[in-house]
Amino acid sequence: MARIGVFICHCGENISATVDCAKVSELAAGLPGVVYSTDYKYMCSDPGQSKIKEAIREHNLTGVVVSACSPRMHEPTFRKACAEAGLNPYLCEMANIREHCSWVHEKGDATTQKAFDLTRTLVEKVKNNHPLESIKVPVNKTAIVIGGGVAGIQASLDIANGGHQVILVEKQPSIGGHMSQLSETFPTLDCSQCILTPRMVEVAQHPNITLYTCSEIESMDGFIGNFNVKIRKKAKSVNEKLCTGCGLCTTKCPTKNIPSEFEQGLANRTAIYVPFPQAVPNKPVIDRANCRYFLTGKCKVCQKLCPTGAIDFEQEDEIIDVKAGAIVLATGFEIKNTDFFPEYGYGKYKDVINGLQFERLASASGPTQGAIRRPSDGKTPEKVVFIACAGSRDPAKGIPYCSKICCMYTAKHAMLYKHKVHEGTPYVFYMDIRAAGKNYDEFTRRAIEEDGAKYIRGRVSNIYEKDGKLIVRGADTLLGGKPVEIDADMVVLATAAVSCDGSESLAQKLHVSYDPYKFFAEAHPKLKPVETNTAGIYLAGACQAPKDIPESVAAASGAAAKVICLFSNDELTREPIVAKVNRMPPPIFSTCMGCEMCISICPYQAIDKENITNRNGEVIKTIAKINPGLCQGCGTCVAFCKSKSIDLEGYSNKQVYEEVLALLNN
Amino acid sequence: MERNIYLPYRMKVAKITEEAPAVRTFRLEFLDPAEAENFSFKTGQFAEYSVFGEGESTFCIASPHTRKGYVECTFRQVGRVTTALSNLEEGDTVGFRGPYGNTFPIDEWKGKNLVFIAGGIALPPMRSVIWTCLDNRKDYKDISIFYGAKTVNDLVYKHELKEWEERPDVNLYQTVDPGGETPEWKGEVGFVPTIVEKIAPSAENTIAVVCGPPIMIKNTFPVLQKLGFKDENIYTTLENRMKCGFGKCGRCNVGKTYVCKDGPVFTAAQLAELPNEY
Amino acid sequence: MENDFEPKIVAFVCNWCTYAGADLTGTSRIKYSPNVKIIRFPCTGRIDFMLLLKAFSNGADGVIVSGCHPNDCHYTSGNFHARRRWVVFRTLLDFMGIDINRITFTWVSAAEGAKWAEVVNTTASKIKELGPYEAYRKITNEIWES
Amino acid sequence: MSKIKKLSKESFPLLIKKISETQHVYGPVSQGKRISYQRISSADELASDFIIPDMSAKSFVFPKIEKLFSYTKNKDGVEVQDINLDNIPHRVVVGIRPCDAAGMESLKAIFSWDPSDPIFETRLKRTTFIGLACNQADDYCFCTSLGGSPGDTKGSDILLTKTDTGDYIAEILTSKGEKIVTLAPDLFQDVEGDLQKEKFLANVPKRFDNSDLQNKINAAFNTDVFDEYAMRCMGCSACAFVCPICACFDIQDETKGSKGQRVRLWDSCGAKLFTLHTSGHNPRETQGARWRQRLMHKFSYMPERLEVRGCVGCGRCSRRCPVDMNIAESLNQLIIDN
Amino acid sequence: MGAINEIAARLLETGEAKVVIGYGEGSFGSVRPAFARNQEEAEKLIYDKRCTQNLAMYVYKKEISPLRKLAIVANVSTLRGIIRLASENQIKNGDIITLYINELGEVIECKALSEIEICLAEITPEIKPEDKELIDKLDAMTPQERWNFWISEMESCIKCYACRQACPLCYCTQCAVEVNQPQWIPVAANTSGNLEWHITRAMHLSGRCVECGQCGEACPVNIPIHLLPIKLAEEIKNIYGTVSGMKIQESNTLSTFKPDDKENFIG
């Protein structure tokens, strides 16, 4: 029989508070095949691991079960410890008696019994484990970065500077993202474009970076080190190679009244356009939805004018196949628009604007050249109400989380307004001021103390228009909920930051998890903040959760570091949890009948046909063959195979069968 | 009441020897001393070995009946029961039901030369009779052993091979299939029948015992016949699939012959009479 | 008798969503019934319907099968394949009169720690109400009673 | 020791009732399209108007699952619990067909051959067979070709023959039969003169001449007559399992947690895995060889080694074969060919 | 001599087929599978109303498949069996000449599998009225009644595997029931083991079954075991719109999916 060691962890009191660990250890000692059983305060600690190692050597163990926390937490830790003691790491299994037992049940016999049942189940499993060797697969040292905002730019530059090829994919005609729309940035009030545009140019000029704008991910397959990605490059109707970016077309385009996305609708653009003067690439694209030629079949003014003949109305979407070893997701965020808020007028009041619109108003390159003028009539507003937490932290609106950046940018907006309109009064409605961060609290204090922003703690219940004024009604909770009413000239809503439209479908294409708000999910909230559950795909910036610029950049550099780490080896070592088709001595060779249904069921195209030939080279039998480099170990083929000819290491038929039996037969 | 014929003796795995890849020898000792006392067998017989919860498997008894107090079996891990056996450790309990079948007529062989020819995992039944004869060495004249396996690593009973090699009263010829040799290999290279033909033991007053896979037996018989061995003097053992061991389950019939009762030891002359269903 | 009845319920869950979701239930310290015990699989696609049969023949009173929501499978499509398998399997069991109320199929994501607790508690109380699965036990025990 | 009595049609149900007071009574029961030997508590439950039950009566002495012993595994090893033969029930089978009863003798030959199987012996000893002679037969019946008859008394403890009045002629054949009579002696009436049992029996024509059958079938061993069978036979075990004599078996372990039992299960020489070695070698490689084995075993090897045939001509295997492998036809062909 | 005999004789004579699998006179007015290897045997082949058995399982039988090319006399269920076997790569185009006898009694000789598809395109497969009736009857029962019905059937099962052997799609060298590491399904023919076996068989046939009912026909103890795969085939037809054994290029319903597949029980 096997020689199994069982190690019950108290996890301080996390487990021992509800589970009688000594009892579990004692019961485990009575299981057939268990030759050593013990319990200890912290199995994952050095002394805990030493106990395991000693037991392996002393009792010549053939398998180890650690009953402790979730294997998703410490399985690698204990497997490594086993390996260090000379036991194949795959002969170690964990029973989850913390997350699945001690933390979810009350103290008592039933909980202790369950901890033992789980332990016994894993003991029976481990008896059927086999020593496994890790699998090596080659790494393609090209990274794809999806999203060209500040996070994507940072990640791309870091990886490219690390000497690796980067493919940067941007949905919009230009990179730059939201940061390029900002006026000044907190807490330093330095000009956003001034610090961003040099980096955008660096991207454009970097020999290791290939930039695809107006492009999106069409599909992805493969796995870490070996992704195959199809990129859909949408037709720009302008031949980039021929276009010199002279801009003549944009000046002569007859369709001039399209609200500019970049200007948040505060200014117009033409149908052939460059989103903003510093765009990268600085070459126009035709917006087919608004182009007169595409709408009516007549016009072609731009084509007639173009000195290089770069206008190509026939251009089609292009599908580009690329291979990459890693993917960085940096698709950023969106903000809720003002029409999301019935209480604030459903977006029908022109002078109720969102934070990004205010950024454009305050921006020197914006529609007002930086002068604060209200959109309705261009007057300089004398009273501006800023409402923080517009939608955020509001479970009723489906956004229970904090958008994180609003407190800071609202303070910044109040300051910018005051700096530009000295006689004006900024009011700020807030729930709490969250200004944790280097120089952040000082910044908000400055807004209040030096710039005289009037902070009112409370919510705005509604806004209505009266005599050319916006009547803002709220309550001051610091004054016991005293009603407040302000006749404002303009209201700026710090609307909630939400995940981008399409992030769900992108997550599905890339097989990464996402949270209920469609932000991409990190592999571990603390220890793997820039990794996803899908190996080889990393997160940068606000696509994961609302983040400010320094955080986004830090995450981007973190993701880049992960990619560079991955690329530092020519081969990747993979877990040997892969499926395998059985082989037998002749005349059977394999019980696989070659029905090939597993080929259609495999999500990774990891199964192929294999011919078994005789000495004369004639095919005797055709069976399935699994490519261990492609197989990800999902086991769908295993459960499907009628003749049980495929098995999955780590979750073999024998293992799971014995688990079921052990769990139920106590 | 008579003993339940399906009830095995419980035996302790006293010693495990790794012989070759996936091949092990178990030394089994009775848990009940009374059972040990009453137990006896003769070389050539087989038994049903079982792992409780997994089932029974048939192997010959690989130890000689001249050595009391234990039985040994050697098996290769292939099916469910042999896999379960392989997972056992010393001290574990197995079931043992037997002995069954006929024996090598070693008394009739007294005063004769003996040639043992074995291939691969078929040495175990041979080992029993070899040791039985060696334990009564004076009863027999020349003893030669031919043993071959696919590779050097696949040779079983490596220690005993060494012992036989060193004994002056045994001629041991070891061989491995072409390609199975190592740089250190000092034995022959070639298939067993070829080596027998090359060494050409005399058929005069000689008994030949051949054990091996069907293909080896098929190729060795003609060689022996060419060397002058009479079919009556060539012995082998059959290893048909069995379940009961006592002529009821219907598996091991070869024609009207029950391998479990009439065999497993047959002469080439007897085999010639049987239909080709073994 | 019904009050004392502690059902045996096996949960077959995928590693990436439901197992992680159940981990989150733990980290969130949401309490649930100890009757349910989890067996971890890489994916719902790996869960062989024969294991469910083994669970019942070994005395389970109920079974939970749970994995990633559609479109969320870590392996892209294991749960889609599983979904078809369960549709057919459930039809078959129902046609044979096996009590399909004893099998809970559900999707629980890594973020749905609270949902996991709810699934467990609902299933446990339902099975408690249904009582031990005597009908199945009778046929599995017949060979042991003679 | 045969004694002839009469059992009126009114007494028959009373007899069943009387026996059920002390013993379990079994008899052919109709269940949907199926007729099988089942436990009964009254004569009403018995099926009527049928040729032969779908399954033979062999399961009374050789059940499809026979526990051989049980055991408990624990950390220190294994505790074995032998079966207790005392637990084997006393049973009375009513309405067993003469062919099924005759088959008991062949089964006994197999299980009593050295070493004798105490489980089988005890089951046989404790089962009383009250046979019912056949008053109808079909084309598949061929008992007469093998020396049996629709009124054959072999294997029965009492044989009943239903007369045209619905009353029964009861032949009391063994001491076990006598014991039944003593349970309700009043129900059995004495008779005088010859009741002409033959008059009430079905007519089963002889299909072939069985003289020298063994040698003729031996002569066919290496002929190509089995080639067509090799193609047609699909290798299921239906013929063996419905056969009253086929006794090939498998031994397996069944476990439940730490408990286990070793069981003896029906098996069949027609199945390809039956003789397959773990090495992949199969001594009976083709279905033709396996079908030949079935015939040879019944008509050559068993007569040679056990002095009984392995067939009583009940015709079940042929009736039940999905591909119409007709054993009487095969025998006839072998006899003609050789 | 009928058309079938003439064609069989020709195929054997020209060597286009080494054996013609068909039907012959069986015991006492029944028909049985018959194998014509020469002119004499070709003359004995028959085809009439009684020939309902699905013979497709013979095309991969170990004793027959080495004789490929084969010819086979086919009714609709045999055709569907052959097509399904082709979908699962057990038959290659050109391995088999199919002699389909249509409703008018004409013999249609299909040398390519695509020709079988053309024949099948004319046909709307339907299950037998008596099977439909029993399925409806079972559907109308309470679960408890259904359980009682099936358990009493399962008690009678002797695990002879006639159902499997007769099935055109049970071609595995190693059936799941024969796998013993682990021993998924008990070898013993006890009720729960029998139940597991029949559930497993029906599941393994789901999306594949060609609804010939041969398993039920073969059962020596008259268990209507064919209802299980047929019920699933009907359900699959209703839910996923797929019918097995009509086209070669069809994919198996259970090894494919659509993201918007519907179900109503997963919470």
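Quick notes on this structure:
We just call them A, B, C, D and E in the order they show up, numbering each chain from 1.
One rule holds for everything that comes next: a contact is a pair of C-beta atoms (placed from the backbone, for glycine too) under 8 Å apart; a residue touches a chain by one contact, two chains touch by 3 or more.
Bear in mind that the values here come from a model prediction, so they are computed numbers and not experimental data.
Between the contact lists of subunit C and subunit D, the overlap consists of A, E. Chain centres were defined as the mean of their Cα atoms; on that basis the chain farthest from subunit A turns out to be D.
Taking the mean of each chain's C-alpha atoms, the chain closest to the overall C-alpha centroid is C. Contact analysis places A-C first among chain pairs (by count of C-beta pairs in contact). In this assembly, the C-alpha centroid of subunit B lies 51 Å from the C-alpha centroid of subunit C.
The centroid of the Cα atoms in subunit A and the matching centroid in subunit D are 72 Å apart. If each chain is reduced to the centroid of its CA atoms, subunit B and subunit E end up 47 Å from each other.
Among the residues of subunit B, those touching two or more other chains are numbered 79, 92.
Of all residues in subunit E, those touching 2 or more other chains are 176, 181, 184, 186, 188, 190, 254-256, listed in ascending order.
Each of the following residues of subunit A touches two or more other chains: 588, 601, 640, 653, 657, 661, 665. Chains that are in contact with each other form these pairs: A-B, A-C, A-D, A-E, B-D, B-E, C-D, C-E, D-E. The touching residues of subunit D, counted against subunit B in their complex, run 68-69, 71, 73, 77-78, 80, 82-83, 85, 110-111, 113-119, 221-222, 247-253, 255, 260, 262, 264, 267, 269, 274-279, 281, 283-284, 289, 293, 296-297, 300-301, 304-305.
Only residues 138-139, 141, 143-151, 154, 176, 184-186, 188, 190-192, 195-196, 199-200, 202-203, 206-207, 227-228, 231-232, 235-236, 239-240, 253-259, 261, 263, 265-267 of subunit E touch subunit C when the two sit together in their complex.
Subunit A makes touch with subunit C in their complex at residues 70-73, 96, 98-101, 103-106, 110-111, 113-114, 117-118, 121, 504, 508, 511, 513-516, 521, 533-534, 577, 601, 603-604, 632-636, 638-640, 648, 650-651, 653, 656-657, 659-661, 663-665. Within the complex, the subunit C residues that touch subunit A are 6, 8, 10, 15-17, 19-20, 22-27, 29-32, 34, 37-43, 45-49, 51, 54-55, 58-60, 71-78, 81-82, 85, 109-111, 117. Interface residues of subunit E, counted against subunit B in their complex, comprise 180-181, 183.
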